[in-house]
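The same chain A turns up in both complexes below, where it pairs with chain B and then with chain C.
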Partner chain A sequence: MISLAGRDILHSCSKFVLTGIGLGLLIGVTLSMAGIYRGMVDDAKALLNNSGADIWVVQQETQGPYAESSSLRDDVYRALLALPGISRAANVTYLTMQVRLGNTDVRAMVVGFEPGQPGEPGYLVAGRQITRSHYEAVADVKTGFQLGDTIRIRRHDYRVVGLTRRMVSSGGDPMVFIPLKDAQEAQFLKDNDAILNERARTTANPSLNRPGVPGLLDAILASQNANHNVNAVLVQIAPGAEPEQLASEIRRWKHLQAFTRAQMEEILVSKLIATSAKQIGMFLVILAIVSAAIVAFIIYTMTLGKIREIAVLKLIGTRNRTIAGMILQQAMGLGLIGFMVGKTVATLWAPFFPKFVLLEPGDAVRGFIAVMLICALASTLAIRVALRVDPATAIGG
Partner chain B sequence: MKPSQFISRKLGLWFFAAMLVVGFGVAVARSGPLSPIQVTTLRVESGSLSPAIFGIGTVEARRSYLIGPTAAGRVKAVHADVGETVKAGQLLAEIDPVDLDERLRSTEAAYARAASAVTAAEAQRKDALARRQLAELNAKRYRDLGGKNFVSSSAVEGKQQELDSAQAALEASEANLQGARQEQLRLKADQDGIRQQRGNLLLLAPRDGLVTSRDAEPGSTVIAGQAVLRLVEPDSLWVKARLDQGRSRGLAVGQPADIVLRSNVSTPLPGKVARIEPVSDSVTEERIAQIAFERIPEGLSVGEMTEVTVKNGAAQSGLLLPNAAIKQMPQGSGVWKLKDGKPSLTPVKLGSNSLDGNVQILDGLVAGDEVVIHSERDLNEGARIKVVSQLVGKPK
Partner chain C sequence: MKGFGIHIEGLRKRYGEGDAAVDALKEVNMTVAPGEVVGLIGPSGSGKSTLLKCLGAVIEPSAGRMTLGDEVIFEDGWKIPDLRALRRDRIGFVFQAPYLIPFLDVTDNVALLPMLAGKPNGEARKRANELLDALDVGHRAKANPSQLSGGEQQRVAIARALANQPPVILADEPTAPLDSERALSVVRILNDMAQQFRTAIIVVTHDEKIIPTFKRIYHIRDGKTFEERGLGAA
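Up next, the complex of A and B:
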């Protein structure tokens, strides 16, 4: 038995293929939009994964270090290490800033970490980890930096010794990892003019610059320029310890805020990126509805375009089932081509987006089912029209 | 429709379908979680590594001097300025003596008077001596005459009493002279003391040195111990380096070091560890060591920032790996070793590391093991991987 659908497709081959490709591009946009939404959420999760922490300890009454600013003394981690159940704890600082390379600058999140401790980039794609305690950096490839580049953060030059990948802030800015002490300085050090002004101000204060106490002014000036603050302490717990229990212990007895992994994810996903994610989600919904409508209309008009041929088929006594099958098969075929083209182009153009686009297989499967359902539904409209055709139309009646 | 046209259309459609399927297949396989993780690997080899420690420091003077008065006073004059080289003993500054000169004159006058008093006492003593000699002669004559009964015994006793009185007067005048001399000595000592105090108001250079700061100007009042000038010995400049505690194992006096001055980044200067402070900074968690220059460069400024690389120890040989391969876990360090082409996390024991990123493997691997160095994302046990020669950049 010959396939009526196949015959008809062969008859209007280029039209069918072009319609399929057009539909595919539309589906590709929809899939990409879903990918952008997933990418945003994944950026947030990547941030958590990369820090390698089980518990985040931040300033009391804050939801830092990502959603709010938080400031802790850098010796807090020692007190935390003394708690049973904590295996590693390390200071970390985060600062989003423009990092200069030559005459250009790149927006990046500068992370101050202690080599070998939580917060260190977990894997590299090139180069090596930091070995010097100052002036070396590991950068995410998205920054565009190369191995051996000299980048400038505040007043110091750093040499890029390693490159990593998918190390981004919750906003999708690539990360630049530098040693903690440098980062503390970069974050809290003022520029030279401000330091000079501050010195002059202190010197002019008669209660701080007392003639009878010679060393006082020097001591005050030195303490003004020292900084022992960090943004958070990343804690890894010992195997078998309960993170929630440890976190509540830290909250209660160390008078600091502590978040477990689940709480941090909640803060990032439902607070930090909530609005922009909803924005994208809203757009995705509209795009999906529009795509569905367009698919339905295309199939409907395709059927209307061959109403005369259907009438002829009816005239020669073709069964309704065969005609309905032809339309359904064509609609499904169109959907299949559209989906495959869409998935392919979405995958091809995904790497060119400035921010991460995550095309999840689950989304693809859901998209496939949705496309097929929409095509089937749309074809029922067309089938209804086709079955109601009067065979007399075929002979101009 | 002609059959040939029909067939070519059919072929075209099949071609399109094939293209689509291939493209789709590639797209699905190359991206997303189904695709293999690209990695670069390396076989573990033995080699040698020279351990080194990196730190930053500032140029400081080993010996620096605060030149100031020992008592509060007003600065009268400052004779040296910042940047001047001074010799040991050179007058650097003077403190206003206030009434010290007048007091000195007063003691000088008192001393002169005491000298006159001594002269007077000496004259009195001579007078008393003369009187006593006369009294002695008289007393002797009367005793002789009394023995021959030419004079009465009362006359003899009278002369004897005159002799005793003269003797007493002589003793008194001698004591007087002694007292006058002692008074003179006392005044002399007073005078010396005031002179010394006066000299103490002159601030002299204790050593040959360089003036680094001038903290008080003439007219300003300084208290005891406050600096008027600061001196350093230029030939005692060294670098006070702060080295990360965590990497400072094996640091020892005498180890060679490279010093890079911020003002001259391209030329490292040779030096060596001159002193390691026994107390390390517990707040910043750094060891403090002083690095001496082999030859102190011209125009070195105190307080300049430097980078120091200390070569702490001889080259060590053993199995080496780049540190990018090391994965830190709560349980310790590990590496992704390839077992039948699949990564498996293998715990390792690490030895020393070098600044160029090599780590010595003490235990856990044998030579020839293939280990993942770089990967494009986090690996997990038994993940599908694809070994490539490099992950980013142009292929070499």
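Up next, the complex of A and C:
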């Protein structure tokens, strides 16, 4: 038996292909939306992997440093290093801000780290790691910065000496790594006018500026201008140590919050990007409904255009299931063309998205099954119409 | 070869019930022998289409008896179980317009019926090509229906009707869209095919050009048939 659906598709090839391309663009958008969600999850995991930490120690009663702000004194790491089972601990700061290059701003997460310690960019694609104590930076390639560029962060200029890749915040902003001291200053130090103003206020306060207590005012002013805070301490544990046990010891004895990798992943994926995930999920549902409506409308219209042929087919003894199969196959054929186009365009345009789009093969398989199911469902309306066609209409009268 | 002809006796068809009932066919009697071509003529509303639908096993008569060869198809409310298979295997249809399937080429339009009946594709196409050759359209076997002239399309439609070697062919105004020359050519072909395949052919027509060609004509008026000897040599 010949394939009636196949012959019809070949006969109206251009119509099918054009419709398939239209549907494919819609499917491409759907796959891209799924890819954006996957990219967000992957960014979050990359953020954790790239930090090189086993435990994140942050301010008590916060879920920092990524989901909430957190502030710790920068000597906390010393106390942590004294705990058995901890091999390395290092201060780190995170600050999302506009980094200036010439006349343009780039949204980036500025990371302050100590060279050679956890928090350092794991690998470089060009240039070198930071070797000087100040005013050097390593940037993710997504910032668009080049080696040798001079970028401005707050009051200081930094020279880009290295480029790295896939170093992004949970929000997808590329990272710029600078020395910890510079980052602390950028994050916590007030501007000159504010410092001047604060000094004047303190000096004018008689309880702080006591004539009989020499050195008090100077000490107070020095403490006001010092910046000894960091956002988190990244901890690497010794081989054989149990991260959950260490984290609970830190929580109990150091009066700090400590998260293991699993807990931090839970915060990032289930809390930080939960709203975005719901938003994308909603879009996916709407796109699926729109795709189904389009396929149903197209197949329905095509079936209406073949009512006479269907009546003739029924009159000459074609089984209902053959006719239903023809319409179903056409819908599936349309879905197949649409999916192929959609997958191709999603793959082609994914690199041009500003944030990472991760197209997973598993999502493609699930998408394909969903498209086929949607097409099968969408064809039921047309099949219903076709099966209702009276073969007598071919005879007329 | 089957070639048993068709016989109907006291056929009635009523639409609706009670006061709204309409008797479309009141008393229809008809016999067409194998190899014979008869005309069926009647004014609009006379019951032609209803009779054609009953003959084509598309609708069921309310009463009466219809036999195809020696097989009873309808008898006083009883019908054979599978009318679809009956239409596929034992009744050929030729319509006013050819109604060829536009997405199949000429060969497959004809071969579709044997394929639907379960014949292998190769065998069905061989049969289709034989019929197309017999109807002098074999040279257009690979063309699409839209590439054929009206006369060629109608010949392909006749080939399709003959594809399963049915004992009866119902032709519903097959010459209506054709000029005189082509209309007479179609009638000649129907006569030849009836003779060659021993098929009983009933031609419903208003076409005055071809009415004189029938040897026997059935008139239908107010749901009743009247037989008349025709002038034709058919």
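By definition in this document, the second predicted complex is superposed on the first by the 351 of 397 C-alpha atoms of A that agree within 3 Å, B and C clash if a C-alpha of one lies under 4 Å from a C-alpha of the other, contacts with A are read in each partner's own complex, and residues count from 1 in each chain.
By our rule, a residue touches a chain if its C-beta (ideal position, glycine included) is under 8 Å from a C-beta of that chain, and two chains touch if they have at least 3 such contacts.
This is a predicted model, so every value here is computed, not measured.
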>> Quick check on the superposed pair: does A:Arg165 touch chain B, chain C, both, or neither? Answer first, second, both or neither.
In response: first
> In the superposed arrangement, which partner chain does A:Ala137 touch: chain B (first), chain C (second), both, or neither?
Replying inline: neither
> What is the contact status of A:Gly212 with respect to chain B (first) and chain C (second): first, second, both, or neither?
Replying inline: first
> When the two structures are overlaid on chain A, which partner does A:His11 contact: first (chain B), second (chain C), both, or neither?
Replying inline: both
> First (chain B), second (chain C), both or neither: which does A:Tyr123 touch?
Replying inline: first
>> Once chain A of both complexes is superposed, is A:Val92 in touch with chain B (first), chain C (second), both, or neither?
In response: neither
>> Output check: A:Thr318 vs chain B and chain C. Expected answer is one of first, second, both, neither. What do you get?
In response: second
>> Once the two complexes are aligned on chain A, which partner has more residues of chain A within touching range, chain B or chain C?
In response: B
> Which chain A residues come up in both lists, the one for chain B and the one for chain C?
Replying inline: 10-11
> Residues of chain A touching chain C in their complex?
Replying inline: 1-2, 4, 7-8, 10-12, 308-309, 312-319, 322, 390-392, 394-397
> Inside the complex, what are the residues of chain B that reach chain A?
Replying inline: 1, 6, 9-10, 12-13, 16, 20-21, 23-24, 26-28, 30-34, 54-56, 221, 223, 225-227, 243-244, 246-247, 283-284, 307, 322-324, 326-328, 330-331, 353-357, 373-379, 390-393
>> Please output the residues of chain C touching chain A within their complex, sorted ascending.
In response: 48-50, 52-53, 56, 58-59, 84-89, 93, 95-96, 99, 101-104, 108, 111-113, 115-117, 121, 144, 160, 172
> In their complex, what parts of chain A are in touch with chain B?
Replying inline: 9-11, 13, 17, 49, 75, 87-88, 116-117, 120, 122-129, 131-135, 141, 146-147, 161-163, 165-166, 181, 211-212, 214, 228, 236-239, 337, 340-341, 343-344, 347-348, 350, 359-361, 364
